[in-house]
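Next come the structures, one after another.
Shared between the two complexes below is subunit A, which pairs with subunit B and subunit C, respectively.
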Partner chain A sequence: MRAVRFHGRGGQGAKTASRILGTAAFLEGFVAQDSPIYGAERRGAPVAAFTRIAKDPIRERGVIVHPDLVVIADASLVQDPAARVLDGIDERTAVFVNTSLTAEQCQAQTSLPGRLTTLDLTDIALQQFGKRGAISALLGAVAGRLAGLHRESMSGAIARELADLGLAVPVIEHNQTIALQCYDAVRTVPLETGAAQPAASAQLQVPSYEPPTRGTARISAAANSILRETGGWRTFRPVLVPDKCNGCWLCFAYCPDGVISMTKDDRPVIDYAHCKGCQICVHECPTEALVAEREQEGAVAWKAK
Partner chain B sequence: MEGEMMTGNLAAAWGARLVDVDYVPAFPITPQTEIVEALAKWCESGAMAARFVTMDSEHSMMTAAGAAAATGARVFTATSSQGLLYALEVLYSVSGWRAPLVLVNVSRALAAPITLEPDHNDVLAARDCGFLQIHAETCQEVLDSILMAYRIAEDERVMLPVIVNLDGFYLSFTREPVIMPDPEQVKRFLPPFRPAHLGFKASSPHALGVAVLSGTPYSYFRHQMHLAAINALDVHREAAAAFEQLFGRRYDVVEGYRLDDAEDVLVMTNAFASKGKVAVDVARAEGKRVGLLRLRMIRPWPADAIRHALQGRRAVAVLDQNLSPGQGGILFQEVAACLYHEALRPRALCSFIGGLGGKNLSEGELRAIFEQTAEAGVQGKGIGPVLLYTEAEHREMVQLQVLAGGLKS
Partner chain C sequence: MTWQRETFKKIKQIPREEHVLPGTALCAGCGGLEALRLAAKVLGGDVVYVNAAGCFTMLAAYPFTPFKGSWLYTTMGSAPAGAQGVRDALDVLIAKGRLPKEEDLKVVVLGGDGSTYDIALSSTSGAITRKLDFYYFCYDNEAYGNTGMQLSPATPYGARTTTSPCSLQHPAGTTQEKKDIFEIWRAHKPPYIATVAPRYPLDLEEKFARASKFTGPKLFLALSACPTGWLYDPGETPEVAKLAVETGLWPLKEAIDGQVTHTYIPKRKPVEEYLKLQGRFRHLFEPIRQDEAIRHIQARVDDYWKQVNG
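Our next item is the complex of A and B:
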């Protein structure tokens, strides 16, 4: 069985990519299973999806603890402990990262174990589609190449899955073309399947009774949401052009996360550790004093504690 | 590979479409939403002839569903978790009317604390309401069970509504190959719905679910429901045979996996049973004589089939994906009760609680179950309830408590 785990951010298409891979495998005559896992869905929040490919019926379910291949749609997820990207990865795991860095640079910077390969899918998507989020087909195609599936099945699967999302035929065809370019361009790495050893018996530790201050689901720590830095959710950051700002406070009023504060002379200050990059402030600014700039890897304001 | 890739939710929607329901009252709730979305789309496009109505709550939804079934319409609806509990009052009425609709429940753990992932406290809260219950392991079984559910529910010997249960996430959002039954064959399997005791017509008035205000008629009618539910065991057998003949797949009230020479048996339900089967294979490869019994029908309780499968075993473990506070695993109690008079009852009964709120059931946990169960069998003394909770999870939990409480660890 080939076990593929996708990590992405809500809206990037990790779930659709896992489905494209599943459908492609199915079209090639394999048994496939794909499933996403997420909480309350939010654009930018970490999500994961799983695709299993086998010759016989698949009886594993849910999370893939020991993946053969990990597909990372957003390099910032590697540093986010909540995303659990590193779980079950060892030096034999094949790992794809969507990044502008080379595999060597990425390995050096992230200390990711595994056999790394990279491609800048975000840049390709921006150039080809003019959108930052639309990389599901590209991710799926890259995953398919690394999992050893055929070009034709990838193309067919992309057509099916994007049609299922209600996309127009020209958009689907454009996606197919670009995705197959990514399929050809990605450097392959060896895929070792079923390398995981049988698990040892779990060490159970049944919790004991605790007073209700700890034994009930309650939060008494004030303002602890500040501990959860969400700056890594951004692909674009809003940047102030001070000369154009008229001090109207609209950005402050519209920010859904309360990460914009105002100085005494009515200029916005953005908390980049928590700004999720939704761009609402950029859209609302009447004088175009806030502009969107793409985040550069290795230079992100956000980093894990 | 035959069939097509389909989520458990879409398979459930196809079940309703294939049996050509007349009416679908709906109220969306995660993780059931895809079912009502698919049905809404098909009703709007004309692919289904049914009337689709969005209601203001699950309570209204079940009231509408029962009322429509009481007019003789074939009715389908679906809910989950808090929605099922909100509808619970009405479930007792609908079964009392002997209105044989089918309700799909997509299991999701109950608040508080709130979560989206599955366990079975929701569907088991409806254990005693008079609905029959079928719990599915795969997406294919979800679809097939809906077809079987209508056939059983609408049988004159039964005439009770049925809940078909599937796990949120592990089936609801999971795609796997599903073979689509041929609609013409479905028509042969499921005759038109013509209930003798239901149906409102002009010039033929009748009242349903009337007040009795005395224990004598009340006892009589509730007992009738009990007998009807027991009849469903035979009706299920017939339906399973007919289903197998037409579609080539067989579903019994319980499913044995590698039971033949098994010393120790693990009892499970729903989607995690797949993982249990993998664990049985792993243990067998190491020379351990273990097997699995999956309970598919929960109501009526298939006591004879369970007794037959478990008699003479060294030890039996029941893995409950539910918790009755102050008692333990719900299904463990029922398994234990039906073994009491069995002369060859197992030497030890073990109760494990796992997968609450969708917590992963790991290979290591299943291995621990087999080890502890074998030991209990040797000792001749049962254990439990044992919560499956690992040291690593405990450490993670302490970290969360520190964050939430602003306390020192």
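Our next item is the complex of A and C:
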């Protein structure tokens, strides 16, 4: 069995990528299983999805604890303990990271164990599609290559899954072309589906009654959400060009998370520890004084229309 | 007679102080959070929030809370009943002299459209009938969002949700019409009801300021554009909200003791401009343009405004 785990940020397409991979395997005659983690599947929040591929019926269910291949859709996830990217990765695990760094640079920076390979899918998507958006087809194609699936089945699976999402035919075809270029471009690493890890022994926890004072989750602190830094959700960050700002307060008014405050002389200050990178301020700024920069590289990625 | 804002005339009058702090797990670009943050600036800090299960469950996900005050979590159907309990407790404490009257708290229900239009409708009806002194804040993203965008009674005709997909039988997706909860509330004759959209922050702030003068149920319906479920780029949340209002699909209005006033009269752009921005309506345009469905949506809006304008 090949066990593939996807990590992404909500909206990047990790869930669809796992479906594409599963469908491609199915088209090749394998038995396949794919599922996303159920929980806070939110824009920008860490999400995970799982694909199992085998020749024989798959009895295993649930999350993949010991993956053979891990596909990381956003490099920032490696540093995010909430994403639990490192769970069960060892030297034999193949790891793909969507980053502009080479595998060697990435390994040095992140100290990820495993056999690393990288490709800058976000950059390819920005170049080819001209906007940020889901990279599910690209992730799926790369995962398919690393899992040893054929080009044709990847192409077919992308067509099926994207059609299910209601995408138009030209958009699907464009995705197929770019995804297959990624399929060809990614440097492969040997995939070892080695010895299956023994499952942990099952434990049954018998629930007991607790009175509401004990059994209810009570938060006794006030306004402590600032301790949770959501800044890591960003793939793009809004950056102020001070000369262009006319001090109109619109960015402050529209920011859903309240991470923009105004100085006495009406200039916005962005709290990057908490900004989730929705780019509402970039879209709404009437003077283009806020621009979006890609988190890693620091180069201006796109401007609002 | 045109509606006049009395308290909030300029954008720089929006209070600087934040009452919903950052660090919540709500989606980037959440239109509901955008509306709540603005509302809370007027409601202030002396508030007990009673939160029905929904996306806003993620506001105070254990062990973190974005509020300086209290937040009580209830099931989807029972937030107004929870609010009754909190209100009664406060009243008893005040009557017994254990809480000074000036330290009284506002009771604010937070419910999504699934709660508001559907599961908590009866308990809301009961609370309004009992003239409960509370605020009701509905963040309406037109589907059961927290569980992955299933059809709710707030879902409009033609939208695609996970449980109303477009099919051969129903190429337009959702076949129902959006339930008119404003009119259902209004039939109860509460002192204050308003619709708001966070893209119009001064209109929103003004309505919360006006509501504070009334005792009894004060009900708000907030347009909550949803990048995750409506399928558009999170940065476009204000743009989507703006088009909802400018096309006339989301009328901004208030009702005082049942008397309705529209607080903004849009020039009414074609609904297409609003629909085209969102992936949940994409099937109305491609692969085959569904003129009949688009015409239907336009006709409903036209009829509504024909009635408004007499």
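Basically, the second predicted complex is superposed on the first by the 272 of 305 C-alpha atoms of A that agree within 3 Å, B and C clash if a C-alpha of one lies under 4 Å from a C-alpha of the other, contacts with A are read in each partner's own complex, and residues count from 1 in each chain.
Just so we're on the same page, a contact is a pair of C-beta atoms (placed from the backbone, for glycine too) under 8 Å apart; a residue touches a chain by one contact, two chains touch by 3 or more.
Because the structure is a prediction, the values reported are computed rather than measured.
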Report task. Examine A:Ala108 and indicate which partner it touches, taking first as subunit B and second as subunit C; both and neither are also allowed. Result -> neither
Report task. Have a look at where A:Ile37 lands relative to subunit B and subunit C in the superposition and call it first, second, both or neither. Result -> first
Report task. Report for A:Val269: first if it touches subunit B alone, second if subunit C alone, otherwise both or neither. Result -> neither
Report summary line: Between subunit B and subunit C, more residues of subunit A are touched by C
Report task. Please work out whether A:Glu284 is in contact with subunit B alone, subunit C alone, both, or neither, and reply first, second, both or neither. Result -> second
Query raised in the report: In the superposed arrangement, does A:Val239 touch subunit B (first), subunit C (second), both or neither?
Result: neither
Query raised in the report: Can A:Thr213 be said to touch subunit B (first), subunit C (second), both, or neither?
Result: first
Query raised in the report: In the superposed arrangement, which partner chain does A:Tyr254 touch: subunit B (first), subunit C (second), both, or neither?
Result: second
Report task. Mind working out whether A:Leu227 is in touch with subunit B, subunit C, both or neither, as first, second, both or neither? Result -> both
Query raised in the report: Of the two partner chains, subunit B (first) and subunit C (second), which one does A:Gly29 touch, if any: first, second, both, or neither?
Result: first
Report summary line: subunit A residues where the subunit B and subunit C footprints coincide 40, 217, 219, 221-222, 224, 227
Report task. Spell out the residues on subunit C that touch subunit A in their complex, using ranges where they run on. Result -> 11-12, 14, 16, 18, 20-31, 33-34, 37-38, 58, 60-69, 71, 148, 160, 166, 198-199, 201, 227-228, 233-239, 279, 282-283, 286-287
Query raised in the report: Inside the complex, what are the residues of subunit A that reach subunit B?
Result: 19, 22-23, 26, 29-37, 39-40, 58-63, 65, 198-207, 213-214, 217-222, 224, 227
**Report entry** Residues of subunit B touching subunit A in the complex
**Finding:** 1, 4-5, 112-113, 116, 169-170, 173-177, 271-272, 274-275, 277-278, 282, 360, 362-365, 367-368, 371, 386-392, 394, 397, 401, 403-407
Report summary line: subunit A contacts subunit C in the complex at 10-11, 40-45, 131-133, 166-169, 217, 219, 221-230, 233, 248-250, 252-259, 261-262, 266, 271, 274, 276-280, 282-284, 304
